[in-house]
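Presented sequentially are two complexes of chain A, the first with chain B as partner and the second with chain C.
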Partner chain A sequence: MRYLFRRAVELLATLLLASFLVFVVTEFSPGNVARKTLGAFALQEQVDLLYQRLHLNDPLLVRYGRWLGVLTGVIADPLQDPALKLDFKDPRGDRYFGNFGYSTLYKAPVNDVLWDRLGNTALLAGLAFAVIVPLSLVLGILAGMRAGSRLDRIVSTASIVMTSVPEFASGVILAAIFVVGLGWLPGTSPLDTESGWSIASQLVLPVTVLALYDAGYVARMVRSSMAEVMAKPYIRTAVLKGLNFRTVILRHALRNAMIAPFTVILLQVNWLIGGVVVTEMVFAYPGFGRMLLDASLFGDISLIEAATLIALLVAVTTQLLSDLGYRLLNPQVR
Partner chain B sequence: MPSEAVLPAGSAAADPPGNTAGADPALRSAIADQLGRPASVEYSGRPALVEYSGRPAPGLLRRLPSSRVAMVGLGLILFWTVLAVLAPVLPIAPPNAQDFAAMGHPGSSARHWLGVDTLGRDMLSRLIWGGRTVLMVAPLAVVVAYAVGAALGLLAGYYRGWVDTVISRACDVILSFPLVVLYVILIANIGPSMLNIVLAVVLASAPGIARIVRGLVLSLAGHEFVAAAHLRRESDLYVMLVELLPNCRGPLITDFCLRLGFTTITIGTLGFLGLGLPPPTPDWGGMVQQATAMITVWPHMALYPCFAIVSLILGFNLLADGLSELALSD
Partner chain C sequence: MSLLSIRNLRVEYRTAAGVSVALPDFSLDIQEGERFGLVGESGCGKSTLIMAIMGYLGRNGAIAAGSIHFDGQDLTHASEQTLRGVRGSKIAIVYQEPATALNPTLTIGRQLMEVPITHAGAGTAQARRLAEQVLADVHLPDPASVMARYPNQLSGGQKQRVVIAMALLASPKLLLLDEPTTGLDVTVEAAVLDLVAELREKYRTALFYISHNLGVIARVADRIGVMYAGELVEDAAATALFADPRHPYTRGLLGAIPRLGSDKGSATLSPIPGNVPSPGAPRIGCAFAPRCDFAEPGACDQGPIRMYHAGPAHLARCVRFDQLGGVRRPPPSQAGAAPAAGAAVLEVDGLSKVFALGRARLVANDQLRFTASAGRVLAIVGESGSGKSTFARILCGLDTASGGSLRFAGADLAATRLRGRSQEQVAAIQMVFQNPDGTLNPAHSVGWPIGRALRKFGVSRRGAETEARVKALLELVRLPAHLRHALPRQLSGGQKQRIAIARAFAGNPTLLIADEPVSALDVSVQAAVINLLLSIQAEGRTSMVFISHDLALVRYLADEVVVLYLGKVMESGKVAALFAPPYHPYTEALLSAVPIPDPTVKQVRIRLEGEIPSPLNPGPGCRFAGRCPRKLGPVCDSDPPPVQEASPGHLIACHIPLATLAAVPPVFAQA
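Right, the complex of A and B next:
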């Protein structure tokens, strides 16, 4: 319980530090926030006025504090101030908990932009996860069960090759085969049926691309953990006392070999978040990753901060879960 | 004490969770997959599985030819390295020269063996010069990241206490970012250039390296040779750089290779996302990005750079795999 509390505090501290880091990084971008908000064609006087009204020349820490205040609903979002005549309106009001501010790229409240796309990405990543886990477990266990066998060599080599193909390359190669060559699948996945392709067919390639890289990686981890357990004295004992191989694998090896991969599999969530950025770019998928890329290129700080916070929250929570699960599974740590 | 002796084929199953949590893939595999866990101070309950034989085993690099996997990997890396080095003297078109006559038929021809891209630039030449770009940026970035990461890891592992806490916490924050997200935010804000890509790779990789080095230093700190150096009244800097760092090299060699592969992926991905080296610099990821619009008509323009980057990454990964097999077979 105390452990859980300590980890929760650490999680919060990480989120705060990281969001501050993002604030610092956006400082380096050329052009100021006011200019980006109003667009390239706004008059310099307008920009200067907005700059003053938003107190953008305040020290970084003050502005970060103000952003935190808006997020927690303590202070009103300055961009929605009617005196600015920006016509930025959030139906939820200008002061509520979880107010991520106003997206200057989409000209809409961040909360209107964010959640749909996050849902699409969750669908993509969830499906990929559902492919990765069984695939890599089966491959890894089969390979690690008899280390050095032909099957092991084939699986190991295949998984190295899989982890050597970046997502954008596998996306382009698969699209060249299945879209251009065979014409079986659509090349873009806008998640509407206007093109005549079903939603399911639009998901095949993005999910495959996401799953390939990760499955290779996880399969390698499962394999090495399995191979290691198979070399343990208690496995030799089990074999020598006459148990059949099936029982040895199912009853003795698997339970011990799955502890390390459990952590690894959960940590793949962190990796998937990065993978979706690339995959969504390749297939024009209307998701969180592409939104983050667009927001970063535009300098939409509210949206970047919101996206980063969510990405981090997911990443840090899965880390916490994997730690907790590891403690539950592994009596050596308890 | 040779590095081999302090690296028992440790069990990944006994890893403390903190060791692998939040690490980027290269680091995670380096710890859990490749080399087992070094016997760390906190968890030194188990006896070392590899006895110290009194004489160091022959160096990893000298035994390299015995691993077929490693040699194939090395071959792929050398292939691109030789092409990259010879690029200026090879009889190929300049990478940015446009052949307008060839644009009508951009496929392969006698003049352009691999065809031309959308702007009529020779694909073969751009592939070779693109390899030169990657092979300049990736090693540079990884070496700088190692310098920074190793320094931080040495400090954290050697001094422990608050120094360790500050460094480790800072590393944890950076490592909890999904990597691509971190790169996108960084590069989109500081702008795409070779220096900035190197900086971003250093910022993103140094924490992982620091974590490995810190763990290794902690596991080495209890050994006699460190105590002996202290008795001789060697300075802290001497102990760190002369006694501790060289003994960390075993696991770091594999990690270095993995990181080169991973950084190649990163550079390619940034190029593909439009955050790579600004055009017209030949860059594999950027070449793929420019060619994807034409993929239905001229797939070769997008496919060749994909094959090129995959072959180089495969080279780094195979070499790393071979090295770790050798390290485990000690």
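Right, the complex of A and C next:
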């Protein structure tokens, strides 16, 4: 219990520190903050006026404090001040917890944009994760439990091939077969039914591309950990106790073999949330990664900050989960 | 009919380089309830034999010919199902390293309960009862709490007791013990051996005990087999084997280890030249002939050598078994001539090392006080955790002391790290480590570290001069000069240790620290390295601090001994004085635990209770009081023991009066 509390405090501290770094990096990126807010076609006087009104000359720490205040709902978002005549309106009001500001790219509050995209990516990531984990565990365990067998060689070779083909290539190849050739699946996945394809059918290809790419990698991790455990003296002890192979695998090998890959598997969540830009681009999927890319290219500061913070939160949470799971699996660190 | 009958067994491994024969033609019978010991060096096929019996040779191993019968069952090519009925129930194994033989993620209880559940169809409750019962049998305190623990929560000795308990749970007919005490402290080893003997009486199990240690085998076995290069070369009753060995290899093994009571002044260790042949090497005639003093062309290089009857129930695989003559003892070496005590080279006074661990204090070295004289060998003995290595680290500058002084060549080095020492001081104190494999960089030729030491210590600057010096040093350690270009993996363990010695002597040290320099080497090679160390040390009048847990070896080569327990000096003095009463009770317990390779020697049996206590926050009294079999009373816990001088230079830190200690019967007696 004390350990959990300590970890929670550490998690908060990490987030706070990271948010400061994110703030510094985005605010210092090339170009004037006010200019970024107003866009390229605003007049210089408007920009200067906004610059003053927003107190952008204040020291960095003061501005960070103000940003944090807006985020936590302690102070009102200055951009929504009607006196600025920016016409930025948020139906939630200008002061509430979790106020990420206003997206200049989508001309809408960040909260209106962010969560839809995150939900879409979570759907994609969740489905991919649900395929990757069982598939790679089964393949990795079967291959690793008899290292050097024919099954092991087949699985190992197949996983290397799967990991080596980049997502854009496998995406294009699969699209060529199933979209152009067979016409079974849609080529794009905008997650609306205007094209006549069901949402489910739109998800098939992106999930397959992600699963193919990642399952090979995870399976190889599981395989090598399993093979290592199978060579341990305590497995020999178990066999020479007279246990059957099934019991040896299930009771003695699996848990030990899962200790090392467990962290790697949870790290895949981070990658699936923030790092699947390529797949989202290939299939025109309205996801989180693509939004982050668009926001960065446009210079949408509030959205970048919000998205980065969300990605960080996910990363820190999976880290905590993997640490907890590690302690659960491995009695030696308890 | 024999319990276990192995006939003409041939085991082969398929490797990338072709088929390698681990056991060419092996035959052995073990009777019910027998205590059989098998001796052999690493690589002679002991483990292959065990795994062949258990039908667990791995993917690339196979029985190519011969048969294994156990209790009327043919195990040679038995199915998995048949083997499962034998493994763990009729034949059980006690493994070499208990730390790795137990599953780290399952509780002890679950691992034990598996056995009766699998073999006796026991229910959970019954299995639990049986497991707790057997844990009590192996004298583990509080079995119920041990059941709930994980292996990492137990000490090495406790883990080995658990492994023994696991092996005995199904009351096997045959218990295979594969070096079960290697790596354990000598006192723990003695307790484990006692336990095995006691349990054999109770469970009526036949023992098949495998070890490289002749002393251990002498203690546990009635009949002994000696194995060399995959063959049994001698098979005899324990007493006959030690009294009248009939195979030159057995004689070689016995000559390579120090006899009790012998020292470098009275005897020389005779190493066996050469190395164990690699499995798969072609052989005609006797496999040992290339290393044998008795080998005779025309007799020893003809066809396979059969077993000859050398006496009643005494077999030897030697054509000349009846021409070996009596057991010869080589004359004492020149190196052994006891050097006159020189001036003190190293004076340790009040040296302490305390590690702060949070609020607790770990006292690794506590007020050490002793001196090492020029040209002599000072041995430091003690179990693991006694602070031997901590002292060595301080001495060579890898760590600093928390208090006290360490006077060496006119300077106090107690608080000076390696970086703060002058080049001369660094060159003067050099170290030879325990494991020669880990101390040589695998990417460099073995001559490289020697050359680097020469340049570093300013002995030679120019390339040609360094080259010549390296050659001279290799000659000093009796290695051919061309080996300086070899990579570490191309050398045997003994050769690597010679390289380490050559490197240590590159800067002409005045003090050599040898931390268990031979404990990782095979018996036949140990003797050669010891002889080498002694002769170089005596020639150069180098002083040596020899750290070891092997008391027989210490008796052989040391001039003075310091006995440490939990960081404190228990006893110190001349080696002969330490090995006779009056003893410190701890020294007495250590001596009584030493395995003696001679079944005719009777040892007083003193066993220490419990485990070595934690060195955290020690109390004011004697460190040994908690386990001392001769504890006087509360005074031992409350007052630090006085240091008594039993004879000039022989110091004992104990509350017991000297007269009482002197009246204690000697630990060893010749029957």
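Assume the second predicted complex is superposed on the first by the 327 of 334 C-alpha atoms of A that agree within 3 Å, B and C clash if a C-alpha of one lies under 4 Å from a C-alpha of the other, contacts with A are read in each partner's own complex, and residues count from 1 in each chain.
In this text, contacts are C-beta pairs under 8 Å (C-beta built on N, C-alpha and C of every residue); 3 or more make two chains touch, one makes a residue touch a chain.
Remember, it's a predicted structure, so these values are computed and weren't measured experimentally.
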Dominant contact partner of chain A by residue count, chain C or chain B: B
Which of chain B and chain C A:18 touches, first, second, both or neither: first
Partner chain in contact with A:330 - chain B first, chain C second, else both or neither: both
Chain B versus chain C as contact partner of A:135, first or second or both or neither: neither
Contacts of A:164 with chain B and chain C, given as first, second, both or neither: first
Which of chain B and chain C A:234 touches, first, second, both or neither: second
Touched partner set for A:256, first chain B, second chain C, both or neither: both
First (chain B), second (chain C), both or neither touched by A:322: first
Partner chain in contact with A:148 - chain B first, chain C second, else both or neither: second
Footprint overlap on chain A, comparing chain B with chain C: 256, 259, 330, 332
Of chain C, residues touching chain A in the complex: 54, 56, 59, 80, 83-89, 92-93, 95, 97, 100-106, 114-115, 118-119, 150, 152, 163, 166
Partner chain A, residues of chain B touching it in the complex: 9, 11-18, 20-23, 25, 28-29, 32-33, 172-174, 176-181, 184-186, 188-191, 261, 265, 268-269, 272-274, 285, 288-289, 292, 295-296, 299, 302-303, 306, 309-310, 313-314, 317-318, 321
Residue ranges of chain A touching chain B (in the complex, touch as defined): 14, 17-18, 21-22, 25-26, 28-30, 156, 160-161, 163-169, 172-173, 175-176, 179-181, 187, 217, 220-221, 224-225, 228-229, 256-257, 259-260, 263-264, 267, 270-271, 273-275, 277-278, 281-282, 289, 292-293, 296-297, 299, 304, 307-308, 311-312, 315-316, 319, 322-323, 326-327, 330, 332-333
Of all residues in chain A, those that touch chain C in their complex: 148, 232-234, 236-245, 247, 251-252, 255-256, 259, 329-332
